[in-house]
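As written, the chains take the letters A, B, C, D and E, and residue 1 is the first residue of each chain.
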Amino acid sequence: QEKLRLIVTELTTPLVPNSVMTLAKSAGYYDRAGVDVELVRVSATPSAIAALSAGQGDMANVAVDTTLQLIARGQVKGKAVLSPDRAIPFMIVSKAGIGSVKDLAGKTFGVSRLGSVDHLLSVAVLRALGADVDKIELVAIGDPAARALAAQAGRVDATSFSIGVWTDLRQKADTANLKVLVPQAEYFKAAPLISKVNLVTDEVAKSKAKAIAAFTKANLEAARDFHKNPKLWADAMAKERPDVSRATLDELAVLFKDSWSVNGGMNLKQLAYTQAELYKGPDFRDLRPVTLEEWVDTRPVDAALKDVGIMLGLDDTGR
Amino acid sequence: MNREAKTMPDGATRQSSAARALLPAGLKAAPVWLWRLVVLAALLLLWWAVAVFVGRNFVPTPQATALAALRLIENGTLPNATAQSLAVFFTGYGLAAAVAIPLGLLMGGFRPLGATLDVFVNALAATPRVAFIPLIIVFLGLGFEAKVTIIFLGAVMPILINTYTGVLSSDGELVEMARSTGAGDLAIFRKIMLPGSLRSIVAGLRLGAGIGLISTVVAELYTSVRGLGGLLATYGNTFQMDNYFVVVLAFAAIGALVTQGLRMAESRMDRWQYQEERAS
Amino acid sequence: MTRDAEPVAYDARPEGPLGGARDVAPPALRVAGVSKTFRPRDGRDPFTALSDVSLDVSDNTFVSILGPSGCGKTTLLRMMNGLLAPDNGEVLLGGKPPRPGPDVGFVFQSFRLLPWRTIRGNVELGLEETGLSRAERRERALRYLALVGLSRFAESYPHELSGGMKQRVALARALAPEPSVLLMDEPFASLDAQTRELMQMELLRLWERRRGVVVFVTHSVDEAIVLSDRIVLMRSHPGRIAEVLDVDLPRPRWDTDVHTRREFVELRHYLWEQIKAMVLASAEPGLFGSGDAPG
Amino acid sequence: MNREAKTMPDGATRQSSAARALLPAGLKAAPVWLWRLVVLAALLLLWWAVAVFVGRNFVPTPQATALAALRLIENGTLPNATAQSLAVFFTGYGLAAAVAIPLGLLMGGFRPLGATLDVFVNALAATPRVAFIPLIIVFLGLGFEAKVTIIFLGAVMPILINTYTGVLSSDGELVEMARSTGAGDLAIFRKIMLPGSLRSIVAGLRLGAGIGLISTVVAELYTSVRGLGGLLATYGNTFQMDNYFVVVLAFAAIGALVTQGLRMAESRMDRWQYQEERAS
Amino acid sequence: MTRDAEPVAYDARPEGPLGGARDVAPPALRVAGVSKTFRPRDGRDPFTALSDVSLDVSDNTFVSILGPSGCGKTTLLRMMNGLLAPDNGEVLLGGKPPRPGPDVGFVFQSFRLLPWRTIRGNVELGLEETGLSRAERRERALRYLALVGLSRFAESYPHELSGGMKQRVALARALAPEPSVLLMDEPFASLDAQTRELMQMELLRLWERRRGVVVFVTHSVDEAIVLSDRIVLMRSHPGRIAEVLDVDLPRPRWDTDVHTRREFVELRHYLWEQIKAMVLASAEPGLFGSGDAPG
């Protein structure tokens, strides 16, 4: 069995489709595909990138914006090969008193930092839904947990985070003062950005091609099983996250039914759109534009799809 | 009449008469451990009140925290994480002490060295450790070495600066006396400067332990997520506040234990210290 | 005892290098043209503590230094040990620049005991550069503590001792390495008269057995006469040697009739008057009842 | 012959003869600032070598960093961020000093108080500040107060512990002497304990400045993202390493400046300190 | 001067409370049945420094305390100031338990100067509880520095002074508040004989102008006789009062012929022999040339 060290930026199994990587391991998908995957947990994308380029891992699940910047600056030579959670199910949560996104004018909106994916996504969503974005005061707060906390404590008027965070928060704290202003489906429709991808360095792509292929296939299989049988995901999650109630997991499982990257999540159109959107942000102002081929490699996914066939109707490949 | 100094059963220092004079008569005899219990009780009460009245679900009650602690101990989560954290902490902290004490002695003993390095040490002390983390990961990876390095960087500063300061204020007359017996630089370091600045060094070690523990959290968060720091982040991100508080208290307890140990070493010094004793 | 047969001479000798002519062998201790000026770091005037001091001491001589407070006795002593460098001139001990070490014992005016060591530990400090084993050091320290009468305080800490007891610890520490040169800065100042006399006797007994050079700073004219072969009289502003006198009284000198001998009385009177004149000459207005002193 | 102590033009301490004895003859006269330049040059060279040979694009060269610095200063990013950070830093740091020094004096002067609080202080010192951040956000929000509180919590410990330690080792004989003149507890704090432990307190202030700056990063990262800490996060997260290094160096420079100021206050003490001076 | 007409009596008086009977007014200073035992914190034997000490001193009296090293003189003095509490018995100053303050001056045996203050600042420290203005304090400090002959060192720091100079600063600090009770612990020990005599004279001059109680610990029998109305002789192991003697010599006593008066010589001889006997009795084996001392 070939080894593959996978760096993930979640401290625990998340309540979003990205959980597929953890669950595929615990449910034995990787073993069956013939690859020994070791999960290395780090707190955030920078640590993951640093570790990847230091050879501390073979593959890293990282944010797209960082990846693009690194590749544009030549700091990392690698490609995105898979996106297990192509669209993190973001949502916008606000104080209960706010009627619609239009009421956000003059109010504060929490983002992790200026120029981050959640910032760009949220601005795009708000604009698409008709809000006057220039009148909204953006407050950089940091990671999703801090944003959720700030919202719950009434320190910001609205913010965005994933459905997983919202689920956690609702279960453990009184959220009567909050409401979901933009639900996740609406959010994704307004801004079809891909936020996280699995990145491998060119070196590893060559030296561990077999392991990567096996890993990709195993992920597709797990995602398809969770799509076909949502209860399977809820069962697996119940073991990983005893702090979350079964009812919530069942609810989420149904919600995620159609969100799984059953075809690898590498929709080239969406990736191109994501790149174009990101390049509008301030962090990309001085950067050289890159071609899609420079940072995306669909060959592993394509090979796996040849094996297991394309699943139509879901997760459009865009090719 | 018993006005003579008392040694507390727990090795605490004696009551100074200055303090006795300020306390109401009835309380004068209360030993230190009783006072500690009183403060502890007051803190618990405060905690409880905050949890119940203003906590908004983010401050668990002491009872809930205690239950969570039992649970985490029982299922092994806490002991395992503690063991992992202590391993990296003590390695990094030990290294910091082993480097900082001799270097501080040198800087204090050889003034030009001290004056030269001083400003760089200060600059380093003010540089956020998180700033080094990308570099540390790139060069040392995510594992044990990286964590130990981060803890080392945090703990080394207070020990170094306090050792240096202690030596700078060591008694020049005693140094001269030792030199007159023929003692060389090394012997003077060992026999005069080190014992003379012991209190300052121990204070540095205490501060270093605190910062080292805080750095343990940073290390376990920013390199591969493990140990108590990992638990802290996990529970924090998923709003498991009862478990979160257990981890916070675990850190506090470790800090208190380590520094209490140092305090005991320090209290041996009371034996040779002249202490004012007042009549009225 | 190699006492020379020169007649007693209490008249002033010229200042400057002295005594070297008497001996053929090079002097054990030579101070030649030494000056020392202290320069405060905050712009106050520099202070000349010693100015052109020269002195030769031949081996096996007991020299006392007498002089008014602040005339530079301690400063001179520190130079003889190599603890302080002269600005000008040179100090030679056995023909070489002095290096502090167990061969030169130093009794500091201010005791300088290590507060974190027991009394025994403090005396052992003096022995730690001698190459003695730990057991030997311990045994030697206890022996010298007995000599100064402090056996029962061996395990006490300095802060538990009286002033006089501390001084005796400092004395034991300097004596314990059995140095061939002993520099003592008012070693008996804090002792009662009787303990002082006992200590004087012990010191002389040790010196007569082992010989070597003793330079002994004291404020007691009687003590200087009773102990010394030669007395160096210093004056201040700036610190310098006023004269050097030989003491040609037979030893031992503790009999009461020594004190009544004409030489003793005359020498005592002469020294007394000399220092008195110096002190009065340099006294500030206001001192010695000059009228505008505090009432 | 000039063996007398020298005062360096920049107020540095004088060369001890011990050090002089160890240096090769030709170097003995080199003043401290020259040595500092040598060390600085060596550090720059090391940095450059790391950047060029092993940096893997994550360590910018000194030149690139200098260019980035110019750019960031020119477009106002760095000055603005620095002003924001300094405002919260100095407020939190000042508060920490204002609380810690009197409290430390009290704890040292009234032994039972010190013995009682000591263990809690240690526990607090070992508790990761990030652990308090959720509570701080809930109770104080994301703004100025929250940031100042985080910095306060970081800086207060070294100042407190060093003041406490300094007072504990203050000279009992001098305290007794002052008492004999009729000085009360307050006067003794002010006249004996405070000056007697000044070196220790200044060391605490130096450490506190370092930790306060590090806490500034934490504060600006975990509450509303602003200032130099915000820049550090932004540049770090997007691997703009040249800008990142500029921010890191800005922190180092602030730390060096603050502590250099403290060192100057401290160096006044050299005037009354007896310093050994050796002949050979 | 209120000297009583009792005949000179140099014979030993019984130990214990004394003197109170002579005066009708309550004594200015009363020490009654005072004991003090120091208990080391590490299990060594407790040490009884003072055992049942009683002493009454009436107002306007100059009392000297003489006794061998370590007999408890400093300990007794600290109790008179309220710096140390007795285990048993009581100390009364003007009928009340003593409280340290500017009304009671204390000269410490070990100087205890603040290293971070200039000489003037150190003297001013003694004045800071007196209610004097800053300018008055400064003026007063300079006046007393002139008295001890240290005007030109007013802006120096303690580490720049010689031992004897430091001692004079400590003296100036205690004198400057012009206290009515003066407790002095070997205040002249580090001075040369002549400066010492000047200081003695200044002290007596101040005392005779302002009166009050002076308790003066000294190791010099001559000094005690020249200065005091009464001499308290202490013995050690445990520290206690051996006897109290009145000195009925006419003042002033600096003429050389005072030293030759029969009373002076007899008293001197008597005290000397008494202390000598004490010191020899308590001397450890090995001390005073008993043969097994270091050779």
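A few comments on the model shown:
To be clear about the criterion, a contact is a pair of C-beta atoms (placed from the backbone, for glycine too) under 8 Å apart; a residue touches a chain by one contact, two chains touch by 3 or more.
Keep in mind it's a predicted model, so treat the numbers as computed, not measured.
Ranked by distance of CA centroids from chain E, the top chain is A. Ranked by C-beta contact pairs, the top pair of chains is B-D.
The greatest centre-to-centre distance from chain C, using averaged C-alpha positions, is reached by A. Chain A and chain B have CA centres that are 40 Å apart. Annotation: 47 Å between the Cα-based centres of chain B and chain E.
Centre to centre, using the average C-alpha position, chain A and chain E are separated by 86 Å.
Each of the following residues of chain D touches two or more other chains: 56, 58, 134, 138, 173, 176, 179, 221, 236, 239, 241, 271, 273-274, 276, 278. Listed for chain A are residues 44, 46, 50, 53-54, 149, 152-153, each touching two or more other chains.
Those residues of chain C in touch with two or more other chains are numbered 40, 83, 99, 110. On chain D, the positions that touch chain A within their shared complex are 56-58, 133-134, 137-138, 141-142, 221-226, 230, 233-234, 236-241. Against chain C, in their complex, chain E makes its touches with residues 38, 40, 44, 47, 66-70, 73-74, 109-110, 140, 143-144, 146-152, 155-156, 160-165, 168, 175, 178, 185-186, 189-198, 201-202, 205-206, 209, 219-221, 272, 275-276, 278-280, 282-289, 293-295. Interface residues of chain B, counted against chain D in their complex, comprise 8, 12-16, 18-19, 21-23, 32, 35-36, 39-40, 43, 54, 56, 58-59, 109-120, 122-131, 134-135, 138-139, 157-158, 161-162, 164-165, 168-169, 171-173, 175-176, 179, 185, 199-200, 202-203, 206-207, 209-211, 213-214, 217, 229, 232, 236, 241, 244, 247-248, 251-256, 258-260, 263, 273-276, 278. Put simply, chain A touches chain D in their complex at residues 44-46, 49-50, 53-54, 65-66, 69-70, 73-76, 112-116, 139-142, 146, 149-150, 152-153, 155-156, 283.
For chain B in complex with chain C, the touching residues are 173-174, 176-183, 187, 191-192, 195-196, 198, 269, 271-274.
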